[in-house]
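When the chains are written out, they are named A, B and C in that same order, and each has its own residue count from 1.
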Amino acid sequence: MDRRNFAAALLVATSALVLPAYAQQASTRGRVVMQVSDNDPAKWNLALNNAKNVQTDLGAANVDIEIVAYGPGIGMLKADSVVGNRVDEAGKAGVKIVACENTMRGQKLTQADMLSGIGYVPAGVVTLMQRQQQGWAYIRP
Amino acid sequence: MDRRNFAAALLVATSALVLPAYAQQASTRGRVVMQVSDNDPAKWNLALNNAKNVQTDLGAANVDIEIVAYGPGIGMLKADSVVGNRVDEAGKAGVKIVACENTMRGQKLTQADMLSGIGYVPAGVVTLMQRQQQGWAYIRP
Amino acid sequence: MDRRNFAAALLVATSALVLPAYAQQASTRGRVVMQVSDNDPAKWNLALNNAKNVQTDLGAANVDIEIVAYGPGIGMLKADSVVGNRVDEAGKAGVKIVACENTMRGQKLTQADMLSGIGYVPAGVVTLMQRQQQGWAYIRP
């Protein structure tokens, strides 16, 4: 092929290279999963403060935040939680908040015992793990 | 070159592109490193519970789990550990469990003072760091 | 094109492929961000020990370490901190140590209240999050 055809071939090859690079760039949207595994309302408040600060700093529309409560941290999401109001507010502000069904089973809790408006995952620790492998940052307040 | 040759060249270039993409996909196999750095048997049990839940949920054959005990958490792996039996079971179930030799040196511990069947790393914190940079998720129970 | 030109074209395409791979390799330089969010001098010392061990094991020149103090951990970096001397030493050894301005505002602290030689970030939790999304490992001692 002549020089022009050669250049054209390279351009095509290069655009194929650039595409995945662009996709990777796009995936650096702010995404953070937060772990709540302590039976400690101070930690629950810290997690909610952290979520709020991330939204304030980056803009709520620009970031995905997921709070996962499991093990000794499950009390954060029980109907009688001392931070129930704040969990509700965070949910309305776009923070996804989920309880671990493994933990709930172990503590004989059903969805009727939990705050309304939250979500559920089969195993909190697996969610924390998979989010990271999908490129999410991890914060343990 | 003619159209057919051009297509062949692109195919080769494309397969070269696809290969690394496939390798990357393959590397999203479940891999998680867990940190134990508290002198707190409740945390030791939580780490072991977490490992078990990950294996149950994803299938033990589909996930690599490594527990790294260091600093104030080293007691989890001493011969007189209150969770010795569970550490043994986890090891037999395919969880890799390692003690930090830096910490052991600081506490004048030798391998004779530790549970049998565990592994050793020169610096626990470096292992935790490198695993993450190799694509492993990080959990601090 | 003839065989030689075809080979040349592939070589160029391949080098374009290898370049990003090399860049990715280069980005696996040791990089770790450490979170200090407990009001607990034992944790402050543990973070400083961890940083030192990473530098000793990998060579201070081969690794970037950043310690982020925020929330209840901000006391680590106040002028009257019990680990003030060690913070100073770590900074001189090349560890970057930063305080969260969100937390400082909440506690009515100004830079005059803090150790000299430290750095500042607008929101500690956002720094912890962004570093991870840039490929840094995360350690919460």
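Just so we're on the same page, contacts are C-beta pairs under 8 Å (C-beta built on N, C-alpha and C of every residue); 3 or more make two chains touch, one makes a residue touch a chain.
Note that the structure is predicted; figures quoted are calculated from it, not measured.
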Inset, instruction - With chains as vertices and touches as edges, which is it: line, ring, star, complete or other? - result: complete
Inset, instruction - Same or different, please, for the chain B to chain C contact, judged on whether over half of the interface numbers appear on both copies. - result: different
Inset, instruction - Could you give the separation in Å between the centres of chain B and chain C, each centre being the mean of its C-alpha atoms? - result: 22
Legend entry - Residue list for chain B, restricted to those that touch at least two other chains: 1, 9, 13, 17, 138, 140
Legend entry - Footprint of chain A on chain C - complex, ascending: 1, 5, 9, 12-13, 16-17, 20, 35, 37, 71-72, 102, 122-123, 125-126, 128-130, 132-133, 138, 140
Legend entry - Complex contact set, residues of chain B against chain A: 1, 6, 9-10, 13-14, 17, 21, 28, 30-32, 42, 46, 49-50, 53-54, 56-58, 135, 137-141
